[in-house]
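Dropping the structures in below, format is structure tokens.
The same chain A turns up in both complexes below, where it pairs with chain B and then with chain C.
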Partner chain A sequence: MALQRLSFRLRQTVTHVRSLHTSGCGQQQAAVVVESEPEPLSVFRTQENDPACQSEKHMGQYYALPSPHIRTLFPHGLPGRFEQQLKTFNEACMMVRKPSLEVISYLKKTDFSKPSLRYLFYGLAGSGKTMSLCHTVHFCYTQGWLVLHIPDAHIWMKNCKELMPSSYNESRFDQPLQASEWLRNFRITNEPFLSKIKTKQRYVWTKREFTEEGSLLGQLVDQGISRVKSSSDVVGAVLKELRLQSGQPESDFRMAVAVDGVNALWGRSTIKKKDKSPVEPDELTLVYNLKKLLTKDWTGGAILTTLSQTGSLYTPKFAYLPQELLGKRGFDSMDPFIPVSVPNYSEKEFESCYLYLIDRHWLQHPQSRTEEGKKEIIFLSNRNPSMMDRICASL
Partner chain B sequence: MASHASKAFLSLGRINLSGVGLHKSLSRATYATGLPTHSGGGNKGRPERGHGQGFVKRPRRSSGPPRTDKMAVDQDWSSVYPTATPFRPSTVPLPVRMGYPMKGGVPPEKKGNLELIKIPNFLHLTPVAIRKHCEALKSFCTEWPSALDTDAKCDEHFPIKVESTDYISAGPSLRNPSARVVHLKVKLSSLNLDDHARKKMLKLVGERYCKDTDILSLTADRCPLRKQNQEYAMYLLTVLYHESWKTEAWEAEKTVADMEEYSWEESPSQKNILSMLVRMKVAGEGEDEEVREQLLGKKEVQEYKDSVTRLMNEGESEITILQYKQAVKKVLNL
Partner chain C sequence: MAASISGLLKPWTPRVFLVRWSRYNPYYLEPEVRKEAYSKPEAELSAEEKEQRELKALRPIKAATNGVTSSVFSDPVLSKFVNMMMMDGNKILANEIISKTLENIKRKQVEKYHKAPEGKKEEIECNPYAIFHQALENCKPVVGLASIQKGGKFYQVPIPLSDDRRRHLAMKWIITECRENKHRRTLMYEKLSQELLAASVREGNVIKKKLEMHKMAEANRAYAHYRWT
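And now, the complex of A and B:
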């Protein structure tokens, strides 16, 4: 209770300080000075909501994602449990952690005339890879980049209800449902860009439908959403256009390609053809076009990826290292990439999470608020973020 | 039955002392007199069970104090247990316990303990006993050559070691079929093999080679005699050696999947990094070959090559991945 009052008081002081200074970064220094006077470990929130200004000082602290951002940026991107937490607490608070800060610092230093670099988040199951990816994507969004977010590449490899042979290339297969859904989400995220970018090529969909050269990207996307049959090819066209145009001197946008569960693109799939033989990843139009984006052929952006064992097919449960999950072909395609390790919570991060849950009145069990209870939670979850979340869910 | 017989012989023995065929019975008779037979003694009242199967217990003598009480501390143990014999609790002066402790108890003591009798014991092979064996065998041995005083010298002069086992047992036949087995061990470093020959030898030999100790072990047991197996093992070794030096025409079809270890040259990793660096225009303008040479000569690229080779050959671990990350960062100038 006293803790809550303390943090509340600090928040008041911080807002008071904010009115004096004008720059967003400058305010943070003053706030930190105020906040670090009492025990530094008990302060788990930070007012710095702009990922660009976050630094090591804010490690382990929660920052709030502004809600308009969430609706546009992550129509489908956040992990399921986090979305539920969002609804319950009515706010989206993400922890600032080292892996995402590291990648953000690299992104700030990138030279956009050089080929885009690949970053890979890897770590144990439930250690926060998807959340780190979302944090980095939020940074890209606040910087005004175009965000191409594929929330989970595994869903393109399994449970396909409609598989059609591709109209463009006979040997490949289309997935109209997944493609149209992705196009819808893409439209929500990148509204401003759709009216700015123009196509460079003429696309013919059927005998009567075609898209002229020089038409807006928005039209292309609308075409794909309305004509579900050709949506996979539309996705391919969109990706191609963006790839060609990004980094060119005349275009002024940067592109961030974020793929979660990238190891699905080189794994096996459970989709079967009519003669019950499994479909290779390269035979799917969506996967084929996405792989072209993951090469180093284009400039002016960055490629952020994570490995995911949880949704992957035919991989052992405890595999988490890059080579195990990517396989030989995947590693050769991704090489050279920068692997970023996402570990379990450190002591400080665990403290922050625990205090946040207490602050939100989530931990109702009387023993969970004691020292003993905290030690129990540490022991049971081994400081793994998702395990801790599941354990605290019933407290 | 035995007592019947003894009684009969008893009488016979008395009458016919010099009977030739009755030597045994004579000795038996002289021993048997002290004991009451079944017709005398206290078994009169007990009915015989079955006419021809008369088996009635003799009353048991109580055993006296165990021999262990009278044993001196400095006694000659090899005379108590001269050969391999089962465990006798009254003879072994050690307070040994063996068995599963029941609730609230301890393992049962040695007296009447079947577990101790079941297991093999080496009470007949104490150091003193073995020293005595060695002393007895010394007269049959020759001197160890004084020049071979270290293991390394033995390996150097006698790299091939042949091992076989002899078996002695009392039975109807002296021969034991397991005695024909011959093991031949040789270190591959003592054989003259070049790179290709060594790789081919390892592929030919497969499981029989131990990477940690670098020893090739061949076991021959297909012939009925040990001498034949020894010769066969030597023949095998000779053939392996000569075959691994030869290069066949079909060996040129060796694919990347057949390679024993990862080589960075001509690998997709090398192509990737070179094309990446060319795009980044790190090197100056020039011919393709020159640019390639220039790039390959750079320190960062060498480091990158080392880290990738280490990752592939040693397998993944946190350390190798961190090194890979450092190398990639340096190459891409982050």
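And now, the complex of A and C:
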């Protein structure tokens, strides 16, 4: 009996939601219901799922990421809360926003014979920098570029369970666990390229193991995954090969280097050596080789980076500008770069997010669907995407 | 009684100003937190409400506690539950646990909703507040037991319970169950969400406890007349 009453209340909220949609489109309720049904979807959703074809008129709308793309492209790259959301809603919808559209338009017009440009997404905590990076990386993937995605550079700088002195250079340190995990994810993302690219140099790993010149990149990556001890050096070799080959006329691939939390590479780390002194970032093989890739020596691709204060070590909580987070050394190494600001939601974007959450049955509190509730959500979250997500989670 | 005392007392403010105490002079009035009460125009007020408004201009008002808000999302029953769950005055932690619980319940139900076929979608209740209230209703016992002494022995006598007492017992059972009968590694909000979802469909350990209480009351029905000497 209680269940019937509950389902009756649900039916009432469903009709209420439908009337909200039609009034949002500016149509009278007296209009034919059949005509207005497909319209509400277009206010916050778009059918254009290819990032290359999205333009300003799709701004603020959600597009669906195809699930095979997510499994290959983002084995580790999406933020944790977004992963939970895509499991709950059974679909992955991302909002088309101005910063990522801007960078995608620049990428479409790049001249690949010139040195690669560096793009930096910066903004307040929780304003959507990682999501913008993922959107741009999705565009690169759909265009067939080779994607080198480091989901969070901060994890290379803290909580290191195994630190080994490097076999290649005595003064540096290896991180076998992180390196092998990254190689595994790299292999999942870039399957087609592993059988096409050939190495240009001979690498010797131990007395009996070596990789011949002209062998496939896939073999190099497999070597790194199976022999965990030398995985950091394999990562260095892979990065070097890709950097050398990417601009050449005979290689037909473009490379996109995406690093999230790039300010970690010039910050401090909490990893300690045996004598309790802290490890400098340049003493880690992974960081050292990655920094070589972030220079403007190579052509034929682009470097997309994000600042991140949330995972960073020893930075003040409210710092978000590039100068503050990168520090002097970092800013000088990254200079010149193209800064792209990622602001909080505009009114239209907030509206779109609100309607999307109602459509997915995420905003369940009856008061949250009224004007008063909406004003309160705006006030509490200040239109910050992550704060809004956290507030609407318990409503 | 408070009205007669306040009639005798003259208007006064103490030298030491009481701000956060819970015992006030009965002269003080309760604070009105809801926004709707203030947005009513003059014409709609009835005679008593006009009187109340005039009184508010003259009499001092108690300080509002930290738990009451004028937010549209505030729920007095949920606030009471949060207060009961709070330990050592750590209301922030209690609030976080409750909001994570509600999110967890919502996530499980919305996931079920999106995976269900069209016909079954309407039966799935996704509103975590509705589930919480339903679970609380299902856990409230109808009769309780009181220990009454008669002729040197103590008998468990079935008695009717007031609404507040029933609500208190239901909340206390839920909280003790979730604190004690969980695996060491399960977090509180996870266990709470499991219990609330089970209670809303009349399953789970708390419902069992309520039914045991009812059985004891039924068993001791013979002593019911001990309520009155």
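Couple of notes before you dig in:
The criterion applied here is as follows: the second predicted complex is superposed on the first by the 353 of 395 C-alpha atoms of A that agree within 3 Å, B and C clash if a C-alpha of one lies under 4 Å from a C-alpha of the other, contacts with A are read in each partner's own complex, and residues count from 1 in each chain.
One rule holds in what follows: a contact is a pair of C-beta atoms (placed from the backbone, for glycine too) under 8 Å apart; a residue touches a chain by one contact, two chains touch by 3 or more.
Since this is a predicted model, take the numbers as computed values, not measurements.
Contact with chain C, but none with chain B, is seen for A:Lys87 once the two complexes are overlaid on the shared chain.
When both complexes are overlaid on chain A, the residue A:Pro322 reaches chain B alone and has no touch with chain C. By the touch criterion defined above, A:Pro115 lies against chain B but remains apart from chain C after alignment on the C-alpha atoms of chain A. Counting the residues of chain A touched by each of chain B and chain C gives the higher count for C. Look at A:Ser394: by the touch rule set out above, it reaches chain C but stays clear of chain B. Of the two partner chains, neither chain B nor chain C is touched by A:Val204.
Those residues of chain C that touch chain A in the shared complex are 71-73, 98-100, 102-103, 106-107, 110-111, 113-115, 122-123, 125-130, 134. Of all residues in chain A, only 106, 109, 114-115, 117, 122, 296, 321-324, 332, 335-341 touch chain B in the complex they form.
In the complex of the two chains, the chain B residues touching chain A come out as 267-269, 272-273, 275-276, 279-280, 304, 308, 311, 316-318, 321-322, 324-325, 328-329, 331-332, 334. The touching residues of chain A, counted against chain C in their complex, run 2-3, 6-7, 9-11, 84, 87-90, 360-362, 364-368, 370, 372-373, 376, 393-395.
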